[in-house]
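Two complexes are shown next, each including chain A; its partner changes from chain B in the first to chain C in the second.
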Partner chain A sequence: MKNVALISLSCLLLSSCSGVQSVLDTAGKDASVLAHLFWVLLVGAIVLWLLMNGLFFYVTRIEPRELSRRAAEALVIGGGIVFPFILLAGLIAYALSIMPDQRAAGDGVVVRVTGEQWWWRVEYDLGDGSAPIVSANEIRLPVDHRTEIKLGANKVIHSFWVPALAGKMDMFPGRETRMAVEPEKTGIFRGQCAEFCGESHALMAFQTVVLEQDEFEQWLERERQDAVQPTEAVPRQGEQLFVSEGCGACHTIRGTEAQGNLGPDLTHVGSRKSLGAGILPPTAEAFSNWTRHTGAIKPGVKMPSFAHLSDRQIEALGQYLEALK
Partner chain B sequence: MAKNRENEEVRTFAEEADSLWLITFACSIWAIHFVVCYGAAAFVCAKWSSNPAVITNMRVGLGIISVLALCAVSYIGWRSWVQWDFLDDYDYEHDLAKEEHRHEFLGHASFLLSVISFIGVIYVSLPILFLETCQ
Partner chain C sequence: MRWFVKATLIWAAIGSVIAVAVVSLGLYNVSARQDHLPGVSWVLHTTYRNAVRLRAPDPSQVPDLSDTGLITLGREHYERACAFCHARPTETRSQTALSMLPVPPRMDDAVKDWEPNHLFWIVKNGVKMSGMPAWPSDKRDDDVWAVVAFLQSVKENTDAGTKPISQAPTPTSAPFDFEQKCATCHAADGLAFANKHIPRLDILSREYVEASLKAYRNGARQSGIMQEAASQLTDQQIDDFADFISSMDAQQTTAKTGENVDRGKELASRGEIKSGVPACSSCHGPKAAKKSPYYPQLAGQSRTYIEQQLKLFKEEKRGGTQRQNLMHQSVDGLNPDDISALAAYYSSLNPTSDN
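== the complex of A and B ==
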């Protein structure tokens, strides 16, 4: 029974070594270097552990006699000062030598991410003088390109972390920090706020979608466009509700009169891979649930719930938002 | 009579009073070196992070300061080693209330602190070698 529990626990722990949010299952250049650093440190720690315990075993069980003074001095000075000094100096030098590459600047698009409670404001600056393309709760990046990410925060601290792509970087109100990521594989990788920022901190995640360069450019072009107006009856009713319920006071949907800036930009919210900052699937049903049970799904969130709407109205709103591709 | 004894005690402990200061020097150099390195890096990076020449000058300056700090710690280590006088009697224990024991204990402690400070200064200096920018 004990063995079964141990094996189950081991499997559970090993399962965290892969997947979309693992520092060991890397998809970016910076994360690969960090994973390598982890393995070097782990192997070093294991060797050190075996040496120290082996030595302890040797002097207490195999050869339990008093050491000569000279041998004891050699052991204390060699093992206690010289060896750790050289080992730690080597490890520090190795860690410092990889830092400049980790901090290297990006080229091309600059992504500006602002941590809010509890979602991510995302802006793509193309560097051509045009207005930034605003999005939220999802970051799209071109593969094999180094993209500069500028980080800020509103009101409280957060930390930006996509474990599969790079190390984490803290975000502070009133101060800009930066990092760059260089994805080496296409796919979807999960990011998570890594600094406690309030009661829904654990529910502040996002998806990072890595695309081929041409796909990325096409996506940017689509993302720049205004929202597509719904043609079907139910989503159209949802659009009218969105306006009449005052959602536009907090949210922007470009191409409509909704120009609020307090909450996430919803212009293309239906095309995102998740809803509510990485916690719900992007389905019409999830949109409806979110609108009705906002505070239950994400405690402390500023958005009020719209539970007073009828089931039909909530469904229409959900279909409208899901149609914002 | 009492005054003579007092004078004798002052003379006896005069060197130990100096040795107490000796104990503090190596760690103080390490601490000052730490503050100067981090303070200079923070200041230069806040003011001139986009000017490579200023950053290079800072690294050279901090490198010189680090070498000086290591020399000073080494000198204090040497003074302490002499005071410990280990090679005379190979004595690690200084637990008696005798002048010689006090004298050697303070030298011994100061020597060990110098070793730690020397290593500390080297570790604090390593980023100067590797980090070329403020990024």
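== the complex of A and C ==
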């Protein structure tokens, strides 16, 4: 019985090592180097632990006798100074040799991510002098390509971390930091703010969508376009409400009057994999709930609740936002 | 020693019996016809005067009271809320007011031996057990000063307190009560006799007026003056006023330019990421055609009024309609210079051409 419990507990613990936000279940070159480093250190530590305890066991239980002064000094100096020195120097040389690769620059599209409270401002700079393509709370990357990521923050420090793709990098107000990621698998990988940044820090996540190169380019081209005008009656009402209720004071929907830039760009928000920075599904119902209960869903959020609107109005807004594919 | 303790206890017992009898049997005559027992008036009055002096704000907090707009605003409120008991300057009052105990002092007498900071405290807090009520709103001090400004103008005998004559003829379509209840301050044409402390109404929508009057009536929006004016309005009256106000044609005012205006325009139309200020124009115009009628349009509104309202929002002293939380969030990043620039910008617009 006890064994069953132990086994299921270990399975439970191990299962948390896989999935969309795991440093061990890697999908990027930098993350797999780090995972490799982790395994090397872990195996090394286990070997050392076994050796040390084996030695203790040997001298206390199997061969408990006094060492000569010479042998004792050799053990202390050799095992306590020389051996750790060589081992740690070797490890440091290995770890340092990895760092330049981790810092290696990317090419092609530059993704600029700015940490806000509590969401991510995302801009794709094509490097051809055109205006950056603005998005939010989701990052799309081409597979097998090293993409440069430039990081900044507004007001407080955040940290950018997609564990399956690479190590983390802090984001500072007024200072640009950088990193690059090189995804090796397509799929969706979760990112999370890794520096406490206020009451909804834990609710500041995002999805990273890794696509084939041609799919990525098609997506980027779609993302560059203005919003599609809804055709059905209810979403159209939502579109009018979005303007008349003043949502454009903070949000941009390109191709409409809404040109605010305090909050996330919503031009193609319906095509994203999540809503509210990785915390809600992108359904009309979730959009409506969010509009009505912003502060309850994300404590301290800057967006005020629009609970004063009627249910019908809130539903229309939700359907409109969902239709912004 | 023992006889002393005994005597004290006996007297205490007799005293308690008398006290209980006076309270429970109604022996004390509370008639306002009977003056207080000898000495009691003196104790009460002296306590009152000393309490006011102790608690009044520092004289350095007194704002500029020579402002004519402030004085006339205070005078209209006095007329509505205070004159019954304290009389208009040089006029007599009703026998009912004179039959109160204590008799409310005539205003022109009462102001003589108080300084503005004392008057402020009395108007704001009222006086316990005297019939003098406290100011209807405990959050706002700025409109208390309007009444103090009027009292001070009477004390100093300046003619700033005299009533201006409205140039605008009252439209015949005005509801019955509008002239009595609204037009004395806001004017029949809604332009408030160009008093910068009073908002103009001709640019407001039916929905906003209705929601705001209801917010004043139920205390969600604070103002001692407007809460007094709106507290007894019926739904029907509110409907009538809202209909009438929304039927007013927005009056043309000359557009102005200036440095502060440009800064205000930039902030109002684009907002500012750094300070977290959203674009005011998305709700408050100009170009209001597609905006919700529940947002007040501000083009051409009084500069002083806008500035004051923004300050009140910022100090969390102003509520409003159901949409008030939007403003509380929006003003968070504004500094005093921003507020002044926004007020300069919106007041500079011509509501007839910029919308």
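In the analysis below, the second predicted complex is superposed on the first by the 319 of 325 C-alpha atoms of A that agree within 3 Å, B and C clash if a C-alpha of one lies under 4 Å from a C-alpha of the other, contacts with A are read in each partner's own complex, and residues count from 1 in each chain.
FYI, a residue touches a chain if its C-beta (ideal position, glycine included) is under 8 Å from a C-beta of that chain, and two chains touch if they have at least 3 such contacts.
Please read these numbers as outputs of a predicted model, since none were measured by experiment.
Trainee: Label the relationship between chain B and chain C on chain A in the superposed model as either fit or clash.
Mentor: Fit.
Trainee: Determine, under the contact definition given at the top, whether A:L87 touches first (chain B), second (chain C), both, or neither.
Mentor: After superposition on chain A, A:L87 lies in contact with neither partner.
Trainee: Which holds for A:E245: it touches chain B only (first), chain C only (second), both, or neither?
Mentor: So A:E245 only meets chain C here.
Trainee: A:A74 in the overlay: touching chain B, chain C, both, or neither? Say first, second, both or neither.
Mentor: After superposing on A, A:A74 lies clear of both chain B and chain C.
Trainee: With both structures placed on chain A, which of the two partners, chain B or chain C, ends up touching more residues of chain A?
Mentor: When the residues of chain A touched by each partner are counted, C comes out ahead.
Trainee: Touching A:R103 in the superposition: chain B (first), chain C (second), both, neither?
Mentor: first
Trainee: Contact-wise, after the overlay, does A:N154 reach chain B, chain C, both or neither (first, second, both, neither)?
Mentor: The second partner, chain C, only.
Trainee: Using the touch definition from the top, say if A:A233 reaches chain B (first), chain C (second), both or neither.
Mentor: After superposing on A, A:A233 lies clear of both chain B and chain C.
Trainee: Can you give the closest approach of chain B to chain C, taken over C-alpha atoms and in whole Å, for the superposition?
Mentor: 26
Trainee: In the superposed arrangement, what residues of chain A touch both chain B and chain C?
Mentor: none
Trainee: Could you pull out which chain C residues touch chain A in their complex?
Mentor: So the residues of chain C in touch with chain A come to 271, 273-274, 276-283, 290-292, 295, 322-323, 325-326, 328-330.
Trainee: Chain B touches which residues of chain A in the complex?
Mentor: So the residues of chain A touching chain B come out as 69, 81, 85, 88-89, 92-93, 96-97, 99-100, 103-105, 178.
Trainee: If we count contacts the way the header does, which residues on chain A are in touch with chain C in the complex?
Mentor: Against chain C, the touching part of chain A is residues 154, 240, 243-250, 257-262, 302-305, 308.
Trainee: Can you list the residues on chain B that touch chain A in the complex?
Mentor: 90, 115, 119, 122-123, 126-127, 129-133, 135
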